[in-house]
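Just so it is clear, A, B and C label the chains in written order, and each chain counts residues from 1 on its own.
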Amino acid sequence: MKNSSKDTKPLSRREFLRRAGTLAAAAGAAPILTHFETPPSARAATAEVKKVQFYTNAWQPGCVAAQQAGLDAFNKANPDIKAEYVQGDWGKAQDFITTSLAGGVAPEIMHGIAPWAIQYGIQGGYADLTALIEGSDLKTDTHPRALDDATAPFDHKIYSLPFSWEVGVLYVNADRFKEKGIPIPENGWTWDEFITAAQKLTDPPNYTGLAANLSATQTTEDLIAWMWQTGAEVMTEVGGQWKIDLEPARPALQLWYDMLWKYHITSEASLSSGEADLPAAFAVGTSSMLQTGCWARRVLIEAKPKFQWRMIALPHLKRSAQTDQTQTWGLASASKERGTMDAAWKVMQWMANKDNQIAGALGDWLFPTRKSALADPQFDTTENDWHLAKAEVQNSKAYPKHPAWPEFDDKVLGPNIQRFLQKDLSLDDFISKSTADGEKLLAKYAPK
Amino acid sequence: MIDHVVKPTQSIVSRPLINRTNQLRLQRTLQKLPGTLFSYGWLILISIFTAGPFLWIVSTSFKTRDEVFTITPTLIPNHPTLANYQYILTQTPALRFFLNSVIIACGTMLLAILLTTLGAYALSRFNFRYRRSIGVWLITGQMIPGVVTLIPLFVLFTQLHLINSYFGLIMANTIAVLPFCVWMLKGYFDTVPKDLEEAAMIDGCSRVGAIRRVFLPMAAPGITSVALFSFTSAWQEFMFALTMMKDPSMYPMSVGINFFVGMGGTVAWGNIMAMAVLIIVPSLIFFLFLQRYLISGLTAGAVKA
Amino acid sequence: MQVRSMWKIGKIKRGNNFYPMKPVSFWRSRQATPFYFLLPTLIPLLLLTLYPFLNALWLSFTTYDSYNKDLSFKGLTNFSTLLTGDDLFWVAVRNTVAWTSGVMISTYVLGLITALVLNRPLRFRAFFRAIVLIPWVCPPVVAGRVWGWIYDANFSPLSFLLQQLGLIDHKIAWLADKNLALPAAMGMAIWKLFPFMVVMLLAGLQAVPDELYEASGIDGANAWQQLRFITIPLLNRVGIIALLFSSAWTFNQFDSVYALTQGGPGNHTMLLSLMAYQAGFRYFQFAYAAAIGIIMLIILAVPISIYVRRTLLSSEAAT
């Protein structure tokens, strides 16, 4: 009978509700029982050992080994500090840093390039290192341009410590140069010489003259060097006022347009080739020349190309210029509350000392930023053309530092360059639109 | 069947070569021939399409660096090598990543089964006021773009101390698969007749008991399909895993593979593809094992969904 | 009779008489049972979807970015900038709509044909069913990388194959060509979504009772008519669900496309999800990114709500 079952049921209904309640409670308690992370506060609480996380994007084996050795040496010498090596990678570094800062779980030391550090510094995520740097030998020993690269535009504070930088170079297929009777321009060459040589060095579809990275979000990485060489500053501060300076860059853009459509020195493939594949493609001979950074030598060596290759400077027009991509370490401002800031600064100073900078730079096939380190004879060797790249260190420039640069680069300049090169935009329109949109962005990001 | 017996009076030469039944069979096969030809042809094309990239992954995982970067690619490597597998299994924490993936995927599967069964049962068996709105909210949840919710979720998880914990990631994965699974499972449960449980309850079972004894055995295929779907989704999940796991020793494989990938300029294709094989093959085997439950579980759900 | 109030007052029948029930709070009454079943599901679901959604909604009405962490209400500034002041937005909308509809239609058609074929009694059917499932178990990370290689300008096996077959005469830079980049990315998405569609449609096909085919066969219907009038209408029930969920997934897809093209040559593969990602994670304009997300939700919600209203109403009536 239904009624009788209901009479004897109240206990089981309550029982059921009790069970459901326990289940819900267990589901709610589970996170507390199973979480594995030690809250940040616990990390620094022990006065005994301060843990410092060293987040790095080092990927070339030599540099990874050098950095790990450096941290090991530091830990041995400083038993009260434990520096922990945390591997990152360039592809995800910015996302990692942004989310970590937003969540308050950022590692103490974070590796990136100077423009990123400036942005994070202005936003408050990175600590101001000006006083710390001035109080150490880094102020005098670091190359002034490297320090300038790390200095923020408006408040002129230094939000990260530079330790290495690269030189943008041109890799050339020496055998093909010899074949066509072109001497390797070890002392530099002009745009005209370059174009004449490149025309002889291109034979589509078998191989092209020049390959470069013009893919989306990286379009200006290689191209901006050519724009600088015309004397254009792209985005610069003039008398306290920031402005877009693209008009003088016409020859650079016209040159690339002609290289693509008139001389067929470069192919449309450059518009989608990311940095990853270019050295490998060059090593199998798909292009006679390759524009990228001096870090790629190890990749080329590993690829064992069947030809001799050389690394030389980019051609110059009104001046020599290439990107310097200064790499820096930033200090999380949250480390102050955690009490690990002093320890982290110690680690940074140690990793940025002369020997560690030399070891790291050699392992990364880049150059150190300390003047004393740069003077080391290992950077003057002719093997793998270190000496040629070193001669260009003085001509390297950094990307514009204004906070508007990322949006200008990715949203305005890059796509417009691609559309111009794909004949969707005329040169005049390119310059006028980019300048107009750029000025709007400069206004949007101007400090309030 | 009498007509296939040869009449003894027929001579060899006048006897028909094929008898009537076989003639009909042949006729029917010939009629279906265009359809059958098309079917096989289509299946072969589709198989090339779906399996092609996978074959490429497998083939590249056995190639040396020189063979990867060559102008004339080959499907079967000329000098196959196990070096890539050797490298990732001995020199990298690939096995650790594999273990993490197993923990996270199994955890997601179990939690998803639990929550989905409860939820779908409630939506199917009880008629209450908010039934429709919950269903609508389930679909709406799927429509919110992930990129936008990433940071708020991350901050929320940080405050709940769920970062760097298996449970946090399991929770996030489960929530991601919940809407679709609940929807399909509800449809499946709708086809399981209520009478049996009600009879059991009349006979003195509590509702939970009725579920356990009567309902679950019948609901097994649907629940298996939920298990399969949630396991596979969790196995491949990348965005949450990357954001939530800060400690490299807790990365699942989908994040671990990124380390071979995003490394500055060079991409160790052989290693990445070996890792990819490690990711795909176990999941594929698990999938193949249970796939007929997936289809039967969805079949019934399909009608009533 | 289903009065939901704090104190449930009702009547209980004992024998032939009605006696008033003891008032109980809602949570101890029988009517609360479904909620207890749903609580473990609903609480985390609501927490983890409602909170980010409300967060994004609020952000979209501010001008918060990482430089000026200003959370005050600014009205519809973001939306008006997006709709009137940002050329990229309309490019992205066009691309995203083309992307979603292209992927969905292709996957549906391919999936339908494949499901119909797999439903027939063929030899090696199980083998083919297994092969068709491969893209489902391939993680999007891997898919992005593999397809990036397949479309590589220098090393593409696809170009090589087509050259060997004589269909093209020189290597194609798939992802650099402004007309090929989006279709190439769609190819990858179709590859990934295809097994899901096949499984759903196959399940739906198997649910169509054979008697219908037999009966219509007797009445003289040929294969095409059977397809049009029996199969597809009955399949639409599960087809709509599959389309609903997968179009939401496709519309919001980000990982694999970004890995493949980063927005493509001259913004030709710039989708709304990519635009939101860049606005937030590259330019630190999180309020703007949230506004893009809200608009994405609106664009997605309109057709879906129409479908849901129609199918839910009809199936609710059927149940």
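In this text, contacts are C-beta pairs under 8 Å (C-beta built on N, C-alpha and C of every residue); 3 or more make two chains touch, one makes a residue touch a chain.
Keep in mind the model is a prediction, meaning the values are calculated, not measured.
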As a test of understanding: of all chains, whose mean C-alpha position lies farthest from that of chain B? A
Pair joined by more contacting C-beta pairs (B-C or A-C): B-C
Take the average of all CA coordinates in chain A, do the same for chain B, and state the distance between these two points in whole angstrom. 38
Averaged-CA centre spacing for the pair chain C and chain B, given as whole angstrom: 16
Just how far, in Å, is the C-alpha centre of chain C from the one of chain A? 35
Can you list the residues of chain C that touch 2 or more other chains? 33, 37, 40, 44, 154-155, 281
For chain A, residue numbers touching 2 or more other chains are 13, 16, 95, 98, 277, 280-281, 284, 286
For chain B, what residues touch not just one other chain but two or more? 69-71, 151, 171, 207, 258, 261
Using the touch definition up top, name the residues of chain B that touch chain A in the complex. 65-66, 69-71, 150-151, 154-155, 157-158, 160-168, 171, 201-202, 204, 206-208, 242-243, 246-248, 250, 258-259, 261-267
Within their complex, state which residues of chain C touch chain B. 2, 4, 31, 33-35, 37-38, 40-42, 44-49, 51-53, 55-56, 110, 113-114, 117-118, 120, 122, 128-143, 145-147, 149-150, 154-155, 157, 160, 191, 194-195, 199-200, 202-204, 206-207, 237-238, 241, 244-245, 248-249, 251-252, 254-255, 272-273, 276-277, 280-281, 286, 289-290, 292-294, 296-297, 300-301, 304, 308, 312, 315-316, 319
Chain C - residues contacting chain A, complex: 13-14, 28, 30, 32-33, 36-37, 39-40, 43-44, 66-68, 88, 152-155, 170-171, 173-178, 181, 261-267, 278, 281-285
The answer for chain B against chain C in the complex is residues 35-36, 38-40, 42-43, 46-47, 49-51, 53-54, 56-57, 68-73, 75, 114-116, 118-119, 121-123, 125-126, 128-129, 132, 134-149, 151-153, 156, 171-172, 174-175, 178-180, 182-184, 190, 207, 232, 235-236, 238-239, 254, 257-258, 261, 269, 272, 276, 279-280, 283-284, 287-288, 291, 294-305
Show me the residue ranges of chain A that touch chain B in the complex, using the header's touch definition. 2, 5, 9, 12-13, 15-16, 19, 30-32, 34-37, 39, 57, 59-60, 86-87, 89-92, 95, 98-100, 102-105, 275-281, 283-284, 286, 292, 295-296, 299, 302-304
